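Both complexes shown next keep subunit A, but they swap its partner, so subunit B is in the first and subunit C is in the second.
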Partner chain A sequence: MVVSSLINGIVLGSLYALIALGPSLLYGILRILDIANVAGLTLGAYTGLKVFNATHSLLAALVVAMLASAAFGYLLQRFLYRPILGRGPLIPLIASIGMFIAMEEVFRLVFGPYPLDFPAPVPLPTVHVGGAVVTGVQLLILIVGVAVLVGTWYALRRTRLGLLWRATSQDRETASAMGVNTGLVIATIFLIGYALAAISGVLLGVNYNTVYPTMGDIPAYKMLAIIVLGGLGNPLGTILAAMLIGLVETFVVSYVGFVLPRDAIAFIVLIVILLVRPQGLLPGESSGS
Partner chain B sequence: MKIGFFAPESGFAAADGASAYDSAQLAVKDINAAGGVNGRQLQLVNYDDASDPKQAVTIATRLVTQDKVTAVVSGSYSDQTLAAAPIFQRASIPVLAAYAVNPGIPATGDYIYQQDFNGIVEGRAGAVALISNLGAKKVAIIAIKNDFGTSLVQGFTQEAKALGATIVATDYSQFGEKDFAPILSRDKSKGATGFYMAQYYSEGQQFINGWNTLGFKYPLVGTEGIDSTTQFFEPVGVKADGLVFTTPFNRDSTEPVVQNYIKAFTAAYGHAPDMVGATTYDSFLVLAQAMKAKGTSPSQIRDGIAATTNFVGVTGTIQKYIKGQVVKAVDLQIIKGGVPHQYATLDNPQLITP
Partner chain C sequence: MSYMIVVSVTVVIYAILTVSLNIIVGYVGQPNLAQSAFFGIGAYFAAVFSTRYHTSFWLTIPLAFATAGVAGLVLGAISLRLREDFLAITTIGLNFVIVAVFQYVPFFGGAVGIYAIPLPSIAGHQFGNNAFLTVGLMMLAFVMAVSKYLEHTWFGASLMAIRDDQTAASSVGVPVASYKVIAFTLSAAFAGMAGSLYAPFLSAVTPTSFGFIESVIVLAMLIFGGLGTIRGAVLGALILGALPEVFRFISNYRLLMFGAILLLMLRFQPVGLVGEGSVLVKLTRRATEELRRRRHKGTSDPPAAGV
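== the complex of A and B ==
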């Protein structure tokens, strides 16, 4: 049971990491918690499902979903966030929550209230590891998760975009004065952040074989716990926090049962860690560490 | 003649709300097409409670004071129905709760009736199915944490103990739970050889996913919470074969009223109806026959509902109402080839009397 809990926990952690990574990157650069990013997740799931039904290609579904959500993210930053960015963190936060709720009802009106199934066959085998079963979908999540997370780490640490992201994140005005086109950097991060949300949406839809208008509710607040736990605005801390929460949740359920709501576990871990380490697991990029 | 109606038509339960509202519209259309009630046409006054008990209170007040309805059907969950019931009771407006199972609803007063058997009765029937019919001796319960789940577990546990079974674990999961494999393997390691799944269709789907990942072949019993063709039987398909569940809605029934309803609903909305829709449709049929029997004032309708005996509806034969709670047989259905079929009918009076 240890091995299967470990695998289940890592798969869940990878999903959480994919969900929280986009908002974490956006927080790092803008200091706003972009709840509406989760609407990008649901949009990605619905787009992916529609494309999959039309083409029967999971790859096409992923690509089109990423494009659709990225476009949505671009429009949001251009027409929602850019005009209100200068007004402190609260106004964009409230706007993003409002946008998230409104989008849930838009999804309901456009796609209907019923959960839709997403029966995409994953072209990967079921693997047996030490008495535990890893299904094809779980394997896909692990592969995509590792690829995206390694890719993000590489992009942030080794590319010009990463350098610009870090510069803008540390001090937007100075970066701008040094000739960095911060508007373009922000727009690029929105494109990436929302494309990541689309990947999570499609993987969630396929893994649980269901896509519905309010599928973003739980990711929306769990993502917050993970971002804060990881050290606000530190993408690597976010990944670490996501894995930790995925593992703790799975082990608690495996060995104790549903003692308390699964989603409360994330917040209990958050509270305990913050009492010991108020700056989060890995402090934010902006704190200069 | 205005009939009030409310259901969760937006928010997380919007799928059930839509199902109930569609059936409500169909019922009113069918009753009116057949000449209405005593020559008068019914008019549906619909509100969306968004799964919010506070909203249900506002709606109830509106239905009573502004719309001045003569009777009400609740197409909503127990929380909303419980919150609204006292307002209708004070105004002496009869209410039929289509599928809310909380026993506290009819206890509100003599104007409030429950159309679906309560959770305790259904839980007892689940225990009979799992222990007597399927032969499980050591059972694990995994239920949704709300009044639906807790009242099912209460009935199930009583009856299971009476039948001599051991309950090795009882766990409550939250709405939206997606990962049941860990709890299932823990229950297996505790020695469970039979499982009671008191879940709704979304969580039930995830339960079956976990069940299949682990390759479980144990006896498994579910409840009316999974009783939806579009939301459970079709997406889950043959993966749930062998699952037995308790429900008031027998799709295999030869009663014309059942087959006509299934046909009309499918033609109107393009998909098969579910249990939530079926009990809502029945609530309107019961209202109409009560009006025909005793008259169309609120108190006459109340008397008409109370006097109902052996009424054949879409969800079985209503023998009578006791203190507002329906008495009718519990149907056991089994999934074979991805489709639910009649398995047995439990009509032992001791079992089905609330």
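== the complex of A and C ==
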């Protein structure tokens, strides 16, 4: 029971980490809370589903979904965010909420209001660990989650792109003055952030076997809680906070019981922690690098 | 005709919400994506007390005002500890927490909400739609008058100083913390008051009517009309509140419309339709100036020749 709750919590935490990592990277570089990123998640889920139905290949579905969502993210930064960057943090935030709501309606109009099945068989075995069962889908989420998180850590710490990301996120103007092509760095981070969103979208669709227009609602607001909790713009803090929320939700629901639905837990944890530590769990702004 | 009155009451309620939201977002520049939560608190307390304790409508108005005001006070106190974007997220979360509380706490009637809220009465006569419209307009006039008054007082000027530069405001002696809290309280209390009208008007309240999307819609109306101005707040509620009712086909794309409006306004005309410095306001000013000059020319002595 404890082991299986632990596993469920970690799987949920990995999903949350995948969802929140892209927006966290984007926040680090632009100081914009990009809620529209979750529209990339839904776009990825729908694209993945359509490609899967046509090809019956989960890999192809993932790849095309990532491309579609990345293209969406690129257009978004080029035509929406870049022109309003100088106007403080709130205007882009509200614009991204507008984008998110409008996209949900577009999904409803294009794909219909009903939930669609995503019956992709996962080519992984079911594993038994200490009396607990890890299904193939859960295993897939864990593997992809660990791969992406380790990959991101490596990219930020050990590659030239990571260096440019850190330079740009510390001070965009100075970085630009030092010859960093900040426009290109921003575009690249958007491509990566939206590709990550597509991965989470496909995994979410396969895991719950359903894709629907408003499937981004709960990920969107949980993502916000998680990246604030992790100290905005601090990717490691984000991963930590995602795991924390995943575990707390799972354990509270299975052991303590809670009068409010589980989805309210994230925000209550957030509000309590913000009141005690207004700067988030880890002091953020990617400066802890 | 009676349908038009129903639409009018809806628009008036939206206008109370946008004008009240303008106090905190427009004057003080604090993000608040939870205005419909305060609206909901007012509506729910009015509904619970009028159905369960048979409280008179006229008493539920101050009750809704006070309960939503207390909630606003709490949010205001929290806001002092948070940076702008943290605060924005906290207010987003507040919507979800409040809806969850309405849904799961038995006092608020659970997921089905509260039904059969009695019609208010005045001098023994039950309210018709005309009465709702009259009371709504009086509430709106009250909120607008307070806002107008704020604009011309030291308190209001201080709020705007906080918006423009908090550090500078505090260095000239503006008590930033307490003023922010007062503004939050006032803004929330007005929204709650609108709720006390909404509950008996619809005769039912359900938890999901007060969610995040509703808060975004109110904010979209305010931004569309013009942040920081009373005329903008009213015009935004009027146009965007009436549009889906007048053109039925829009109501199917209502959220698309609100999303796109937020997007396009913030991208191209962030001061709104009639906000300070908007294209429309500039054009009108230029036109009136032109008119005045022409009239001046016409009535006064003929202009010096050859100028």
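What we mean here is this: the second predicted complex is superposed on the first by the 281 of 289 C-alpha atoms of A that agree within 3 Å, B and C clash if a C-alpha of one lies under 4 Å from a C-alpha of the other, contacts with A are read in each partner's own complex, and residues count from 1 in each chain.
The rule is simple: contacts are C-beta pairs under 8 Å (C-beta built on N, C-alpha and C of every residue); 3 or more make two chains touch, one makes a residue touch a chain.
If you're wondering where the values come from, they're calculated on a predicted model, not measured in any experiment.
In the superposition on chain A, A:254 makes contact with subunit B only, not with subunit C. When both complexes are overlaid on chain A, the residue A:90 reaches subunit C alone and has no touch with subunit B. By the touch criterion stated above, A:1 is placed in contact with subunit B alone, subunit C being left untouched.
After overlaying the two complexes on the shared chain, residue contacts for A:135 are found with subunit B alone; subunit C is out of touch. By the touch criterion defined above, A:105 reaches both subunit B and subunit C. In the superposition on chain A, contact is made by A:263 with both subunit B and subunit C.
By the touch criterion stated above, A:221 is placed in contact with subunit C alone, subunit B being left untouched.
Looking at the superposition, the partner that touches the larger set of subunit A residues, subunit B or subunit C, turns out to be C.
In the superposition on chain A, A:143 makes contact with neither subunit B nor subunit C. Subunit A residues in contact with subunit B (one complex) as well as with subunit C (other complex) are 105, 261, 263.
Put simply, subunit A touches subunit B in their complex at residues 1, 4-5, 8, 12, 105, 108, 112-115, 117, 119, 133, 135, 208-210, 212-214, 217-218, 250, 253-255, 257-258, 261-263. Per the touch definition, subunit C reaches subunit A in the complex via residues 31, 33, 78, 81-86, 88-90, 92-94, 96-97, 100-101, 103-105, 212-213, 216, 219-220, 223, 253, 255-256, 258-263, 266-267, 270. Against subunit C, in their complex, subunit A makes its touches with residues 31, 33, 80, 83-84, 87-95, 97-106, 109, 221, 224-225, 228, 232, 259-261, 263-264, 266-268, 270-271, 274-275, 278. Residues 9-12, 14-15, 17-18, 145, 169, 171-174, 176-179, 181-183, 185-186, 189, 202, 205-206, 209, 213-215, 230-231, 234-235 of subunit B are the ones that touch subunit A when the two sit in their complex.
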